[in-house]
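Letters are used for the chains, namely A, B, C and D, taken in the order the chains are written, and counting of residues starts over at 1 for each.
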Amino acid sequence: MLTAKLSAIDLTLLRGERCLFEGLEFALNHGELLLLQGANGSGKTSLMRVIAGMLSLESGEILWDGEPVSRQRQSFHGALVWLAHQSGLKDDLTLVENLRFERALRPQSSVEPEQVFVRLGIARLKALPLRSLSAGQQRRVALARILLADVPLWLLDEPFTNLDRDGRRLVTQLVEEHLADGGLCVLAAHQDVEISATVKRINL
Amino acid sequence: MWNFFKQLASPPHFYRLAATIIPWLAVPGLLLIAYGAYAGLFLAPEDYQQGDAYRIIYVHVPAAYLSMMAYMFMALGGAIGLVWRMKLAHAVGAAAAPLGAAFTFLALVTGSIWGRPMWGTWWEWGDPRLTSELILLFLYFGYMALRSAIDDTAKADKASAVLALVGVVNVVVVHFSVEWWSSLHQGQTLFKKGGPGMDAEMLYPLIAMIVGFTLVFGALLARRIRTEVLHRERRTRWVREMILSPAGGR
Amino acid sequence: MNDSARTQPGIFYGLVAITRRDLLLAWKRPGDVLNPLFFFAMVCTLFPLAVGPSAEQLTFSGPGVLWVAALLATLLSLNSMFMGDHEDGSLDQVLVSSQPLPLLALGKTLAHWITSGLPLVLISPLLAMTYHMPADVVGVLMLTLLLGTICLSLLGSIGAALTVGLHRGTALLSLLILPLAMPVLLLGANTVSLAADNEMYSTGMWALGAYAVAALSLAPYATAAALRISNE
Amino acid sequence: MDAMTMGNYGVYVWSSFGLTFAVIILSDWRSRIHHNRIYRDIEVRIKALEERQ
């Protein structure tokens, strides 16, 4: 249990009067995918926010390398990247300007931006402000952030939203590559996901 | 020692303990106030400058003192709640705010009533203490408004604790800056400090009033904390058991 | 994930980046910067219209009016400090950054000051002249406003962080910030008045400076804590 | 009744005292009512739950 890279012990989360989950546990290792499934409002996003350290728990602890993340918040945040519901990108700025700022939030990365743009098929949109891009294109920009971050832990909240079939296949492929590379991934989705890797499931 | 505090701070324990200590605070407090009020109104001699109007200090000074004390409770409760995640401490903060606002209001109104015969006006901006009290009242309003604007209790607790702590630093700054400001405009000070200069016959009732008011404040605060605790713990097992028990727990 | 290739950036890297981004955003949407400025100018115009154009009265009340107007204009711009970031989710990304949050909060505050406080300082001489303020007093006014708007931006960042995401944000924010801002107003306006009366005004200036230094070192921590709390 | 009029300052002194005690009593009274209402609400809810089981 303690040897797992990312683990959770006895998580209980209350939101107002409601108890979203109680005594929840998981352990995740290199190359493994944690799939959070459940209907809308079941607490997938909340659990994601808990893992990202944004919500305080009623009880329990998230451990990274066997250490509580509350005691090493900054280095833990340096090891994760989070694709949330909202893109976290500025409509008024161009793709490059947006990602330059993202880069500054996780400055340790050594990934070359150009390659990422080509890989995601957004290289020719570089100089446009984000508001002129379609929803699917904006989603790809958000994905670029994840590749640029170059970190072991990916938190993906509904990554398939707004993407066409090619886009969905691309996400699956990226996650598989990341896991094969020894990364970890927590993925929340309301539909079924086909990813060939060691998958652990939590049904909320 | 730590365990003792932990036990004291556990909501069910405090809830029961508070019910027993409230009369022990309230009765001596009321007796002291009764003595202080009688002695202050009838036995203490007239002030040679202010005549009988000075007798307002017997309610004004305790109210002003408690308005600060309540703020201390609020800020300390917030700090303890933030650092040690003690739920009871946040309940103390939530309970102290309306009481503090009430005493600040009293200090303002009694000060202004005193000002009428002394300065010939109900409000004198030049008085540093009245001005500071007014700003303190606004701080209380801000605290209570923030609390009521956030629906989630845990979040409201933490946000208002941060505000109370920022406010504490500010209260000190307000005090000194207002002193400086009124010295520029030849402000007048409401009441000279008590102590050696004050006649013993005037001073003892004042001390009795301050101590009595503090005890009564303790009782009022304890009752409000009980209400807060009961409301916050309404879904817990101990509240259920207490209410279903034949003795009840009002 | 090759650790050897990673270089440790300086601690001000994130601060500079967030300031630069906010300035860029302000550049692309100049209205957000100009509106508080127009507001400042208009409040300063209202006053002579209300009390009459007598030069003596305007000279007397000029410092106070300019300072109150500056305070209100700053307040007006505070609400949007974290609102945009909260709405598009970039605040979440800032909160999970590997950079220290107090410094990022300071970066946002710095950008706010450059886009709201500094322009107020720069146009204040124009308005001060309409109040018949002598040149040397204008200098004092600008210096107090310079220090004062820094204090207000820092204080305001705490309030904006506490109220981000709340529905009744604007009115609540004023209720929280105004009592905190009163000492700044009092020190600033009275220092200018003293200078106008040819009296010693250094006490107030030093006090404002001390306030600014204290706020600069404490407020970012409070803002960071408040941001984490409001984003739960 | 010189003790009551206090050389024309009586009005001020008595109104100060009266107001102070009134506010304290009112505050205590309101907090009692508030407490009892919360208690009754919880009681009603719990008793209803108890009966259903």
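Here is the rule we use: contacts are C-beta pairs under 8 Å (C-beta built on N, C-alpha and C of every residue); 3 or more make two chains touch, one makes a residue touch a chain.
For clarity, every value in this text was computed on a predicted model and none was experimentally measured.
Colleague: I'd like the most central chain, judged by C-alpha centroids against the all-protein C-alpha centroid.
Modeller: It is chain C that sits nearest the middle.
Colleague: What whole-number Å value describes the gap between the mean CA coordinates of subunit B and subunit C?
Modeller: 33
Colleague: For subunit A and subunit D, what's the span in angstrom between their mean Cα positions?
Modeller: Averaging C-alpha atoms per chain gives centres 54 Å apart.
Colleague: Using CA atom averages as chain centres, what separation in Å is found between subunit B and subunit D?
Modeller: From the centre of subunit B to the centre of subunit D is 16 Å.
Colleague: Determine the centre-to-centre distance between subunit C and subunit D, using the mean Cα coordinates as centres, and give it in whole Å.
Modeller: Each chain's C-alpha centroid was found; their separation is 43 Å.
Colleague: Two or more other chains touching the same residue: where does that happen in subunit C?
Modeller: Each of 232 in subunit C touches at least two other chains.
Colleague: I need the residues of subunit A touching at least two other chains; which ones are they?
Modeller: 56 - these are the residues of subunit A that touch more than one other chain.
Colleague: Could you check subunit D for residues that touch two or more other chains and list them?
Modeller: none
Colleague: Check the chains against each other and report every pair that touches.
Modeller: Once each pair is checked, the touching ones are A-B, A-C, B-C, B-D.
Colleague: For the complex, give me every residue of subunit B touching subunit C.
Modeller: Touching subunit C from subunit B are residues 82, 135, 138-139, 141-142, 145-146, 149-150, 152, 154-155, 158-159, 162-163, 165-167, 169-170, 173-174, 176-178, 180-181, 184.
Colleague: Looking at the complex, which residues from subunit A come into contact with subunit B?
Modeller: By the definition above, subunit A touches subunit B via 15-17, 56.
Colleague: Hey, which residues of subunit A end up touching subunit C in the complex?
Modeller: 52-56, 74-75, 77-78, 80, 82, 84-93, 97, 100-102, 104-110, 150-152, 181-183
Colleague: For subunit C, which residues count as touching subunit B in their complex?
Modeller: Its residues touching subunit B are 155, 158, 162-163, 166-168, 172, 175-176, 178-180, 182-183, 186-187, 190, 194, 203-204, 207, 211, 214, 218, 222, 225-226, 229-230, 232.
Colleague: List the residues on subunit B that touch subunit A in their complex, please.
Modeller: 151-154, 235
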